Structures are given as structure tokens and as C-alpha cells.
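Since the structure comes first, as C-alpha cells, the remarks are kept for the end.
By written order: A, B and C. Residues from 1 in each chain.
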Amino acid sequence: MAVERDQLLDMYRCMVKIREFENRAHDLFLAGGLPGFLHLYSGQEAVAAGVMATLRPDDLIASTHRGHGHVIAKGGDVRLMLAEILGRATGYCKGKGGSMHIAAIELGILGANGVVGASIPIGVGAALACQYKDGDRVSVTFFGDGASNRGTFHEALNLASIWDLPAVFICENNLYGVGFCQRDHMRPCDVAERAAGYGFPGIVVDGNDAEAVYEATATAVARARAGGGPTMVECKTWRHHGHFVGDQALYRDPAEHAEWLARDPLLLCAKVLASRGWADEGALLAIQDEIRAEIEEAVAFALASPQPALSDLLTDVYSD
Amino acid sequence: MASIITMPKLGLTMKTGTVTHWNAAVGDPVVEGEVVVEVMTEKITYQLESPATGVLLKVLVYEDEEVPVGTLIGVVGQSGEDVSTLLTRDFAAEAAASISGVAPAPADAAAGAGAPAAASPAGQPSPASRVAATPAARKLAAEVGVDITHLSGTGPGGRVTIEDVTRAAEDVYAAPARAAAPGPSAAPAEPERPVREVVPYHGVRRAIGERMVASHGTSPTVTHHVKADVHPLLELVASMNATRPEGERVSVTAAVVKAVALGIEKTPRINSSLHDDRIMVWSEVNVGVAVAVPDGLIVPVVRDVDRLGVVEISRRIKDLAGRAREDTLQPEEVSGGTFTVTSLSGFGSVDWFSPIINPPEAAILGVGRVVDDVVVVDGRVEVRPTMGLSLTFDHRIIDGAPAAEFLAALLDCLAHPERLAE
Amino acid sequence: MAVRNFGQAIADGLILEMERDPDVYIVGEDVATFPAFGVTRACYERFGATRVRDTPVSETAIMGHAVGAAAAGLRPVAEIMFMDFLGIILDELANQAAKMHYMFGGTMKVPLVVRTVSGAGIGAAAQHSQSLEAWVTHTPGLKMIAPSTPADAKGLIAAAVRDDNPVVFMEHKLLYATEGEVPDGEYVLPIGKADIKRAGSDVTIVSWSSMVQKSLAAADLLAADGVAAEVLDLRTLVPLDKDAILESLGRTHRLVIVHEAVKTSGFGAEVAAIVADEGFDLLDAPIKRVTAPDTPVPFSPVLEAAFVPDAAKIRAAVLSLG
């Protein structure tokens, strides 16, 4: 499943959008304009871009606390996302969810999730819905290395396996569960090995290589659509920031951090595009300028958006 | 200071209780904690202890009488103690009032807001805050203007309940005297109409009222009116009194009472009561004689008048009436009547009226004035003293004919009074 | 009308809902082949393994996948075999299902039912006998249903399935064998409406689930005492029919709340607090609660019998009001 020029350019564009979005969110946070926690996706863009490039709009995803990249890559409107993380009434969730709880069911996004590992059974349930409804939709569940130690992970993988669900599990292994290094928090060095324990394939790919992510995921998605059951794709990657904005990640080795920064997924992708003659530096800069303008427009929209009405406090507790 | 005994509330839904037995009679010494009276609910018999050591001064509810919870049934105090103040106070409302502890409110303060606060030292919480009362009772009390600090509750731990307030509230409305009491807080109910006097509707007044309502609402009554030539009767009485000292004179009423006894002898059905599905025609002829007391009426009973002579009847009526006015009648002296005579003759105005039966009796005789009138005697027109007599009878028990028959016998006695003196 | 037992009535309701809506499915441990209380066996026989799905012993996955399935358009009826296992599924229930509609700004619906078995009385001891409705009622976003009769169970399970919110449906294990007249065919009761199971004028006994039956027995005893007790079956704790409670109290002025759950922070405390707040002036006596003591459920039949409120205790509480 080789990646073609337009596909890779789209992935690149997606990664830039995520990066610019996160940079801007970071700025807003540091400027004090953004309430709550902010878990930046910067550094992991190749995973979201590569996975989502394999999906159809009617496929479903279950996201995590570090979910901005997933939403953008699945087609999220950055204006509504920024409004949401600024807590404005125009946001995806009317300002009631915030950064960790952006959902857009119309885009197949079942929601980011504030509880590590909680999205995994939710993604499996969505996979059951896909299977039950007699279509060939798939459900993709994102989680990190940290979540793979949750009971939810194990119970959900088992259920997906015994029911042969069209589920794809994307482990974004950024090597740290908050501040706990993966080589200390679990014994196998690959999370993907755990898939074998539930009787389905686990693949390890370079999570900073969008093409590699795409190819591995495409195989997994095809298998799921065909009724072949679940697959896990473990994407080794790195977050550029701490667990959340404010965490300086002093628990990580600066040398290792530098190595990963040198393998920034955007740089890697730009190199590939250049080496294959698919895009020159000017074209890539043009993409960046275009995205920046879009993000700035979104920031302006969000900042100009009204705060929720106080009466909204009491609405939406129950569905009528 | 005297202590009161009230009908206790012994269950969630208990509304009334019956006095089944007094262990002590009025005047008997009693000891605090000693069982003085036994009361009965639908389910249980309960022994009430004397609240104090002293003498049983008053019995207000007699054996077999059923009264609402909270009703005052007796008073214990010191021999000779004047409890008239207590008794003239509003029984119904203060039935539950504690004599000890919180001082009972003077009648004119109970509805006013001023008294309790004034009694509290400055800066102290008002008594209201210390009274245990349910929220619903507090709310009702505020709505109807009852001061709960003067109620002693019948709920667990003495908590004032809705029922306590309801009882007190009935009294507030029944006793507008409080509203007329001097003081800025005592606003008359209808300020635009000057009130000359407000008479409390309580105590004996209220008891009379309730008895009258009960009687009137229960008995379908008919009243026969007759005119009696009492010339022979007055002559007889005058002759009997000619030789008697002032204090021993025979009254016309006594003669009428004796005539009633003779009439009953001829028409026994007049002397009866209706009890559920049975009409009890009594052997004894116990005639109650209504006695006016200040703002009220008491009916002491002369027992066995059929076996007494007019002189003795007269003596007894006089004794009972005197003691009725002194309020020293014994319970048995105001109960057990089988017929009542009530007289307005002393006022010289009324000839006939329609008295209300004193339940559970079946009939009552109203005696009007004695006035000279033209009568035909043996075919000649004469001016004679006549007396209006009105017999009200319960038509459930007595039909018109026997009532007329009784009156005929009565008139015959009055026309031939020598039989009365036998 | 037909006489059905409580478990049959629930199965009847579920089968009708599954016939009506193909997105309704049943899922849980042994729901198909070997149901712990037998309720869903008839559903399995009627609809087979696709719609009546056995799971491994994985309460977290049962609940968690149900959340995702509901969000993605299905209507799961998940069985948690014992209410005591609520602790295992609490994140999925309370942090995910309950909150998704709100935190996603009303854009997502999570229509699911958690059927779960509560209550003491069969010697199941501390970890299989609890009544944990207050865990549920303390979480906005969840509805809490606790029926006491077969008819109510049928009408309310249908309502629960049709509701677009996560609903916990509590089934007391001692009720399964109880029988009663149940309307035939489609029968749906409104969620959030209490029911006067016995009218009376002297005291309102508020209860739910199996304690309604105990309260009715107490009302019989109280009638002999001359006390006319009204038994108000809340049926639904969330949403709560406050009006029914206050209306009844407006007539009786006395309130006794009966629940099998332990006392402290039980739902009875919530009812009492509401009445103290909104019905203060209606009260003519203190509010009494008749509940289990603040202990785990004991195993010994003697101790268990002492743990569970009974008619005598309810009667005593009523009579203590004076």
C-alpha cells in the first residue's frame, strides 16, 4: 500500500496544521488565556496523520487526553476546536468539555478522554456497533503506552478478539506514561507484543514516519473491514513537550530528547517529499503560511466568541 | 398552685378518650403519682397519675364521658384553694397548657405577641425558640395567631403538633375577648364597629352551646303549648307557705315538678331516652331543673321526684340552685336526669317558648309567666292567674298523642293540686 | 393481564423492545446460556447470540464497550450480575457514560441500560448483597430505577431501553419470584413518576424496590394499630418525583423513609433533605429513616435478617412518631 504524492502532501499538510494549532494553543496557554490542562500533541503528528489517511469519514475513532491531533486529522474544524479549548459557547461542546473532551460524532469522533485507558473499551463498543450494523466500517482506538497497563486495555482487547470486531488499536508509544519510562513500567519492550496474548496481530512501526504509520494501519484497517478482526499498531514516537503544558519533562534524558527532535515527523516528511521531488521548499513554506493564516483566523474566531450563558450550566445533563 | 389533668393522647390517631373510672372523688386527698383516674381509648385502658399532691378539687369529665384529647378532666390542688380563676379560663385552649414550667398566659395575652417577649429578660431568646414544636405546627400557629409558647404539646417529648395548635386555634376564634383586651396589640376583629363587650365563648358557655347544637341537630322536635289555670295551684302553694318561715317556702316550680312526676306516671314514655336501637323507658323520675348562673345554665337533678313530696322537692331545688351558683355541685348532682323543667316565669314576659331538649332526655317542659287572663270556669267568665306551658319532645321517641296525653295529665294535676300535696 | 413473576416481566419487556428496535441488544456475563437469575434466557431463545451476547468475566469491558456502542448508535442492555460489582464499572458508568452528553455539549447520546441485581436475603454475604443505588444517584447524568412489582418492572424496563440516557435498573433478587398482574403487550411507564401503592392519611412511607413490599406489610400491621399509612413507591430515584412526596406529605404530615441500603448517605437522606427544605412546613413529626445499619451485609442468616429492615421495624418507626 504505497503512499502516493497527494496522499503524502495531505499528510504533511495535516501534520503542519496540528503543529501550528498546538503551537498557538501553547502560546495562548502561556499567555494565561486558556483554562485547565493542555496536553500537546506536538511530535506525534505522523501518527494521527498516517492513521487517519487510511480511514473513511464514516469510520469511528476513540481518542485520548492528548487528542487535538486526532480531531484535526479526522477533519475537525480548528475554529470550533480553539473555541472549545478556550471554553467558548461556539466550541464543539459549547465550552463544556474543553481540551480533553472534544467530540464530534458527525465526524466519527467519539471523544477525547480525560481518563487514561478509558477510550479503549469505548472504541471496542464502537467496533461492535460497526459490526452489528452490517457495514464495513471500522473503529480505531488511540491510546498510549501508559494505558496499556490499565485493566480496560486487557479486557477490551480480549472482547474485541473473541467477537472478531473491526477494531484497530493504535498505541502511540511516546515512551513515557506521564513521567514513568516505558522500559520501567512494563516488561516487554513493545506494547504490540501484548496483542499476541489476545490472539491478534501486533505491528511495531516508526511513529514519526507518517508513511510507515499509514502503511501499517492500512493493512490493519483492510483486515478489519474484511472481517478479519482486530490488529494493534504500535507507533514509537515522542512528545516534544511534557505530559502537559507546565511539565518540563525533567525525567527524560536531554540527549534522547535531542535525538527525537532531530527526527521531528514534519522534518522527516518534508525530506521525503523533497527527495522524491513531490514538493520543493517553497511549496512546503506555502503550505505552512496557508495553515498559519487558517489558525490565526481560528484564534480570532475563538477569542471573539461569546462565553457560555450561565443558563448553559444546567442544560445537557440529560438527553430529553 | 393547682395542677390540671387532661385527656392524654395515647396514639397517633387518638382523637377522643373516655373516662372510665375516677379513683378519687372531689375532695379526696391525692398524692403525686397516684392513679386518680382511668381513661380508655379504642384500644387500651390507661391510668393517669395525679400531677401533684393535694386534693382532687374538680372533676370536669365524669365516668363514661368521651371527650377530645387534651380536654381538661380534673384539677388537683390544695384544699380550699380558689381555682375559679383557673376554671374561668379557657378550658378548651388551655387544656394542654402546663401549669408548671411556663406560666400559663393570662387569657388576654394568649393571642397577643407582646406578653412572652416582655416576660423574657432582654437579650434572651424568646420562649418560642425553646418550645418543641413541629414545623407544620409552627406554620399553622403563625397563620392562625396562636402563641405556641403557651401550649404544651401532646407529641413525643411534649412536642407541639398540628392538633395542639388546632385546638388552641379553635379557642382563639371562640374567645374574641382577647382581641378586645386593652392594649395596642388587641385589635378588634371588626374595628369599624364599636364593640361594647366581648363575651368569651368558652367553658360553660361553650359547653352549653355545643350541647344545644348537638341536641338540636339530632332530635326532630315538636313543641306543644298549653295554658294552665293555676288559680288552684297558687292557692295551695300560698296555703302551704302561710305557716312556713321565709327560708322554707315552697316554690311554684317545685309544684310543677311534682305535677310532671304525676304526669309521667300516667304517660311513662315521656321519661325515656334513645340508646342506639333501643328506647329506654326509665323507672326513676329524675327531673332536672335549669338554673341560671352568670352567663350560663346548669341543670342540677332532683332524683326520684315521684317519691318525694312538694316540700322536699322545693327544698332540694333551692339547695341545688344555690350550690350551682356557688359552683359546688357534685358530679352526680348534675347527671342522670330523665326529664327537665326550665322556667322563664320569673321574668314576667314570656308565655310560651320552645325549649331545647337536654340530651339524652326525650322531653323538656318550659314554664312561662303567670299572668291574669280571662278564663271560663264552669260556664262563667272569670279572670284567673294562668301559666303558659310548653312541652318540647323528641318525635323519634314520643309521638304527638302521648305528649298531648301527658300535658292533659299535667293540666289535670294543676287544676286539682291537692293531689300534689299528698 | 397475566400473572407474571418479576423476572418474567422484565424479560417480556425486553423482548418487546428488542422486537421493536433492532439496535437493542443484551450483553453480560452468562446472559445467554446460563443466566444467573434466569431473566434473559427467554431473550436468548428468541433472538440468539448476536443480540444476547455472553461476555467473559470483564465487567469493565461490558460497561466500557456498552458506552462506545451506545455512542455509536446501538442500545445496549448490559447486565452486571451483582450490584456490588458497580465498583468495577464505576469509571465507565460514572466518568464516561454519565458525563458524555454534558461534556460533549449535548451532541452525543449514550442510550444504555445497566440491569443489576441488588439486595440481601439469600445469604450471599457482603460482596453480593448490597443496595448501592446511592452510588448511582450521586452522579448527575445517570437515571436510577428501582421497581417493586412485576408490572412496574415491565413498564420501566421498556422505558429504560427507550430512554436516551444511561439508566441503572436495579432488580432486588428477592423480587424475582414475586408475582403480579402484568399488562399484556407493549407497556411503557414514565420514568420519574412515583406510585401510591397504598393510600393512607396518617403517615407517608416512602420506599422503593423490595422495601415497598416490606412497607406494605408494615402498613397492614399499622392498620391494626389504627394508623392509616400511605405507601409511596418512588420507582425512580433519578429523576425523583418530588411532587408526589410533597403532595403525600401535605396530607399526612409524617414521613418515614425505608430503604435496604445502609443508612449514612443513603438516598433516604436525600429525600429527607428535600423534604426538610421544600416541605418543612408540612411536617408534624421528625422524619424517620428505616434502613440497614452502617455495616457490611453479614453472612449469618440470623445477622442478615437483623440487617434488613422488616415490617416490624417500619411499624415501630411509624408508631414512634406519636
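Basically, a residue touches a chain if its C-beta (ideal position, glycine included) is under 8 Å from a C-beta of that chain, and two chains touch if they have at least 3 such contacts.
Remember, it's a predicted structure, so these values are computed and weren't measured experimentally.
Common neighbours of chain A and chain C (chains touching each): not present.
Think of the whole protein's Cα atoms as having one middle point; the chain whose own Cα middle lies nearest to it is C. Work out the mean CA point of chain A and of chain C, and you get 40 Å between them.
Centroid to centroid, with C-alpha atoms defining each point, chain B and chain C lie 60 Å apart. Per-chain CA centroids place chain A at a distance of 94 Å from chain B. For chain A, the set of residues touching two or more other chains is empty.
Considering their complex, residues 23, 25, 50, 53, 55-56, 58, 60-61, 63-74, 76, 91-92, 95-96, 100-111, 140-141, 143, 164-165 of chain C touch chain A. Per the touch definition, chain C reaches chain B in the complex via residues 202-203, 225-228, 253-254, 280-285, 318-322. Residue ranges on chain B touching chain C, taken from their complex, read 9, 11-14, 42-43, 134-139, 154-156, 159, 161-162. Within the complex formed with chain C, the residues of chain A that make contact are 60, 62, 91-97, 101, 103-105, 110-111, 113-115, 118, 120-130, 132-133, 139, 151-152, 155-156, 158-159, 162-163, 315-320.
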